[in-house]
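There are two complexes below, and they share chain A, which is joined by chain B in the first and by chain C in the second.
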Partner chain A sequence: MSAETALPGRAPRRRGGLTGLLAAAAPAVAGLLPVLVTLVFVGLPVVLAVLYTLGYTGGLNQPESQLATHQIVAQHGLTLGAWQHIFGEPGFLENLWTTAWVTVAATVALVVVAWAIALYIRFATGFGKRIVSSLFVVPIFVPGVISSYALVTFWQNHGRLAGILYALGLHTVSLPGGTNVSVVLGLVWTNIPFGVLLIAAGLQSVPQPYVDAARDASASWFMIVRTVLFPLAKLPTLVVVTFIAVGTLGTYTIPEIMGPTSPQMLGVNMANAYTSYGQPQDAEIMAVLVFLMAIVFSVMYVRANTAEVRRLERR
Partner chain B sequence: MQISSLQDNISHRPAPRVKRRRPLVAAIGAAALVAAGAGACSGTSTSGSSGTQTVNVFTTLSNVIPGTNELPWQEWSAAFEKANPTIKLKVTTGTASSAAQMYASVVAAKKDGKNPPIDILDDSGYIPQLEADGALQVLTQAEVPNISEVEPSVLATYKDEAIPYRGSSVVLAYNGSDVSKPPTTLAGVLAWIKQNPGKFAYNVPSGGGSGQAFAEAVVKSQIPASVAPKFVTGYNASLESYWQPGLAELHSLTPDLYGGTDYPASNNATLQDLANGSIEMGPVWSDGANAALKNGELPKTIKFVQITPPFYGGPSYLVVMKNSPHAAAAEKVIDFMLSQSAQALVVSGMNGYPGVELKYEPSSVQKEFAGIDTSWAQGWYNSFSSDLNSAWQQSVG
Partner chain C sequence: MTTTTAESETLSGPPAGSLFGESAPRRRAEVVARRALRFAGRNAGIVLLGLFILAPLATLAIGAFAETWFYPSALPSQWSLSWWGQVLTTQGLSRSIELSIMFAVVSTLVSAVLCLPAAYAFGRRRFRGKTAMMMTIFAVNAFPKIGLYIALASLLYAANLMGTFAGVVVVQSLTTIVTMTWIPAGSFAAVPKPLEEAARDTGASSWRVFRTVTLPLARPGILVAVILSFLSCMDEAQGTLLVGVPNYVTMPVQMYTLIDSFPGPATAVFSVLLTLPSVVLLLVARRYLFDGTLAAGYQLR
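And now, the complex of A and B:
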């Protein structure tokens, strides 16, 4: 407190100049901050990566491109050369296809399993319910590296499962270890907690009177699930589908540890292209592709979400 | 600003990265170690008040103790500081990307005429480039007396600027209870694989050096002898057409390998296949395999042999940065690392070959390596190895 402001008859001094300007601009800057942060940390790298795949190796792409081999550089403007090159490689196309089917298979399988467990938790009572609802969260506490390693040593050739089957006299059963089927199984296993938590929460929020009313109208259990529970738990299911699909597209740990040498998912192929083959341009093309596929899922989610919200508002 | 001033220096040659193993443990430990090392990563060298000097040592995660995620420098720096109370070591452990940053800042500091951010580097990946950039200090017996015990030809590789303090190579491991007479040549190994289907494995070349060394050896065996040395000294992608016969040979092995097209992911995976009896033979890193044998992860029946021509291997080097403000102290560290007591720690902790000539080693070390052929082939230039990883994935894996 300065004595100045306490003097009677004098207006308090107004802050002027730079300080005043800053003070006036502060709320606007604060409002813009999230936008700026997003632009700098998300937007800029995306733009740079896309430009790099199109042969732009100047500016901030320079350090990376100088460590690279086999890149296609645009002499003037931009070029699709790198894209054409990578789409001409049979190995890459196989990896792209693998990524697509593993993503779809893992997502569908997870939704089915998560719904089954969520329904059990919703309707079961007693000991079984307690066991299931405490067991399904276990995968959340196991780090991905550890769980994929444990799973693959369990069901690979010469693993525990093979040992048990052998002891039972089954000597020629082929096990999924080291195949992309095992990647799907691993993805489902690790994502069960997320799927079940969301869907079970959706099911719990359906008021019991709805279910009772349907029962009174002599609806079968399947009919209740189909006509009462499913429509009301559609939104959490969509959230699960989107997040699992988007997460699976670029996943690395599980396919790296559990998957075969070839074909690989793009997440693994990307990491190899970057760190082991010295080809960051190829890696970034794969990253852009994963990004584009993720956008497709995200758009589906946003559209379905908006439609759902509108429907609920209309009610 | 720093980056743009670097470009002239690094524009013509792709950076040789660390091409050795990629142990899973290192990947797991990476996050924790980086988090732990973040505070130490400031990169500025500090001098203590009461005459103590701090020497900044930069090492990378590829230098973990084989089979663990522990860093040998904890033990080594404790031993050094005990012997030299006025010098403290500040050891920073980097990942591949922070090593790239370290390299950039060393070159930038040199350009700006500033003191380098680190004094000692323990990472073989960037040494060829730093040497070419003139960023390393020449070390002679005057500064580091124990250099006299190092094999002169190894010192000549980097013009007396890089001091080898330990070594390791890829060797052929086999289960002595199944294989009584292991092959001793590469041709013999290939014949053995075809005679014993499903009993041999090598890891994906991009997954670690031991599988890469095997692939490189097979490809190299089909390259004319006049061309072969060119793959070591520099990079010229047009020479890769010489790889076709070797890659075809590797491809023809696939049906006779354990697991067929499902290759082990890493050196560790090969060791596990050896340990659980899935395979009888495979290429492995000498230090990692020795460690696994000592701590019981491999059964005692597993033996090692080097074939002719040998798989690749090589020393790990220590270098002192030019213009280091703590050069005298850093030289003491290097001298200490070559001393008998430190070499004993290196050999027992890392299970590596010693850096100094065996005749200068304590008798216990001499006994351990007696009769083992510690020779190795020189690995290929890094960009060639990266391209081989990629070519292998396309045409073999």
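And now, the complex of A and C:
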């Protein structure tokens, strides 16, 4: 304090009384605003949805349950009847399985492609680096509905690519457009910018001396990636995995436009059940199912992030 | 053959005394072309990546200038601009353009008012429960979108908000909460404390420090968040389809109908129109998007 008083103007302004209290509480209050919005528009609906799937149609669930052409209502307490019913529906298990494998395939494919591009950007110089750096961001510029449409017209049988191949003399090539493989293609295409941006940022933050030191120790390029770059870019990779997996589980547009009608991903299935078939309870069950699948990834992300925060705080 | 000519020209060099003479740009163009060819030969991977990303967009854009284009022609059999006039004068379509912009502006504003003060608090202050609060907000992104909208619908029915303007604003601004909080929080956190202290030492008030030091330094992050939020609202097709239809049909929602029931070239024209705002806005933010501002927003500080 004495050093501070010696320098005029150095003393920090401290407000006492009510204003001081308000100033101290202000950040927490400001932070609470989006938190409350989240609790009301995410937390509450999720609780309501879970209760509805267990047969509770009272309270805030009542207006929605009145739309249902078919639902299972608990007479007293809760029931698993609706869950038993939906697992017995033809095609449902197939849709569930499709959702799972498309999610895993899209996430793995994206991480591999994004790492390859990010590594190229990290180590390449000149012309190639400039081209790839402007290439990978292109999908950001295109709205999801548009890119899905562009991709499906390109990849489908008798589509644009088939036309080009035909002109080149290839008349009978089978293309993936309209299948769930093309849904994976669409997801990779759409997510390349996000994946590369995050992983490339992680790779840029690896200090060059680390890489040089490994090289001096005559480590191979693969060794450098595995032992120096990968551990330091683990967090961004995990962020990418989480966001892509959760995003895929919750996507409607890409499978709706690019995918087949059967088997279809749960995102499309639940939207149809809700809006077309008048089965909000089935839709809510599918919603809860994708929530459960997403939790696996989100927990991973939160744990990695809090570990990182702790590491930074210890420093 | 071309290579040898170009090389001999390079060797002979420009006439003495005109180092920046007329032949320089032409020679540079040749050098670039030569380099590009050699590059393509050596970098099949990059060429494939380019085709994978650009070819579908290119064929879609070409389709907007076609009268008809059917398999197996590799290019339109007849060119025409007639679909542009048709799309622009179809009543429902121009209305959907208006609606999209209106919703995007309102939802982004709502989100900014709710989230930016919080972003400042998260980035700049220490207080109890900060991490827990940020994690709660992250829950918006932790739930798969379409599932969340389905769950949200029951609440919107209960509140009589299904099919209303406010209902669509809720859905659209909800999807931007994480972007609008986490990315600016990252930028606020990155403002060096000593700069603020220096300003305070010269006698500036807290508000003045915020306005003249903190805010300008955090502006890239805020700009990125606002632009990304605006675009995500403009492009939002899943929740708006569920909540807004049939009263509010925005451009992306309109696309579903177009794909099913309009001729290909008309859909292509509409696609080009719908892509334009994204291209313009992202070019504005380009500098900040790729300097790590975005990446920093997904990590806690």
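The rule is simple: the second predicted complex is superposed on the first by the 264 of 315 C-alpha atoms of A that agree within 3 Å, B and C clash if a C-alpha of one lies under 4 Å from a C-alpha of the other, contacts with A are read in each partner's own complex, and residues count from 1 in each chain.
One rule holds in what follows: a residue touches a chain if its C-beta (ideal position, glycine included) is under 8 Å from a C-beta of that chain, and two chains touch if they have at least 3 such contacts.
Treat the numbers as computed from the prediction; the structure is a model and nothing was measured.
A.B. asks: Here chain A is shared; do chain B and chain C fit on it together or clash?
C.D. replies: clash
A.B. asks: Examine A:Val137 and indicate which partner it touches, taking first as chain B and second as chain C; both and neither are also allowed.
C.D. replies: A:Val137 sits against chain C, while chain B stays out of touch.
A.B. asks: Which holds for A:Val145: it touches chain B only (first), chain C only (second), both, or neither?
C.D. replies: A:Val145 contacts both chain B and chain C.
A.B. asks: Tell me the contact category for A:Thr275 with respect to chain B and chain C: first, second, both or neither.
C.D. replies: A:Thr275 sits against chain B and chain C alike.
A.B. asks: A:Ala287 in the overlay: touching chain B, chain C, both, or neither? Say first, second, both or neither.
C.D. replies: Second partner only.
A.B. asks: With both structures fitted on chain A, tell me whether chain B or chain C touches more of chain A's residues.
C.D. replies: After superposing on chain A, more of chain A is contacted by C.
A.B. asks: So, does A:His158 touch the first partner chain B, the second partner chain C, both, or neither?
C.D. replies: Touch partners of A:His158: chain B and chain C.
A.B. asks: Looking at the overlay, what does A:Val302 touch: chain B (first), chain C (second), both, or neither?
C.D. replies: Touch partner of A:Val302: chain C, not chain B.
A.B. asks: Is A:His70 contacted by the first partner chain B, the second partner chain C, both or neither?
C.D. replies: first
A.B. asks: A:Gly202 in the overlay: touching chain B, chain C, both, or neither? Say first, second, both or neither.
C.D. replies: Second partner only, chain C.
A.B. asks: Touching A:Ala28 in the superposition: chain B (first), chain C (second), both, neither?
C.D. replies: second
A.B. asks: Of all the chain A residues, which ones make contact with chain B and with chain C?
C.D. replies: 62-63, 67, 145, 149, 158, 256-257, 275
A.B. asks: Residue numbers of chain A touching chain C in their complex, please.
C.D. replies: Residues 9-10, 12-13, 26-28, 30-35, 37-39, 41-46, 48-49, 52, 60-64, 67, 116-117, 127-128, 131-133, 135-147, 149-151, 153-155, 158-164, 166-167, 171, 189, 192, 197-198, 201-202, 204, 235-236, 239, 243, 246-247, 249-253, 256-257, 267, 270-271, 274-275, 280, 283-284, 286-288, 290-291, 293-295, 298, 301-302, 305-306, 308-309, 312 of chain A touch chain C in their complex.
A.B. asks: Using the touch rule from the top, collect the residues of chain C that touch chain A in their complex.
C.D. replies: 35-36, 39, 43, 45-46, 49-50, 52-57, 59-60, 63, 71-74, 114-115, 117-118, 120-122, 124-125, 127-131, 133, 135-148, 150-155, 157-158, 170, 174, 177, 180-181, 200-203, 206, 231, 234-235, 237-238, 241-242, 252, 255-256, 259, 264, 267, 271, 274-275, 278-279, 282, 289-290, 292, 294-296, 298-301
A.B. asks: For chain A, which residues count as touching chain B in their complex?
C.D. replies: Within the complex, chain A contacts chain B at residues 62-63, 66-70, 89, 91, 145, 149, 157-158, 177-179, 256-257, 260-262, 272-273, 275-279.
A.B. asks: Where on chain B is chain A touching in the complex?
C.D. replies: Counting only chain B, the residues touching chain A are 3-4, 6-7, 10-11, 14-15, 17, 24, 27-28, 96, 100, 104, 204-206, 235, 237, 259, 261-263, 265, 276-278, 382-383, 386-387, 389-390, 393-394, 397.
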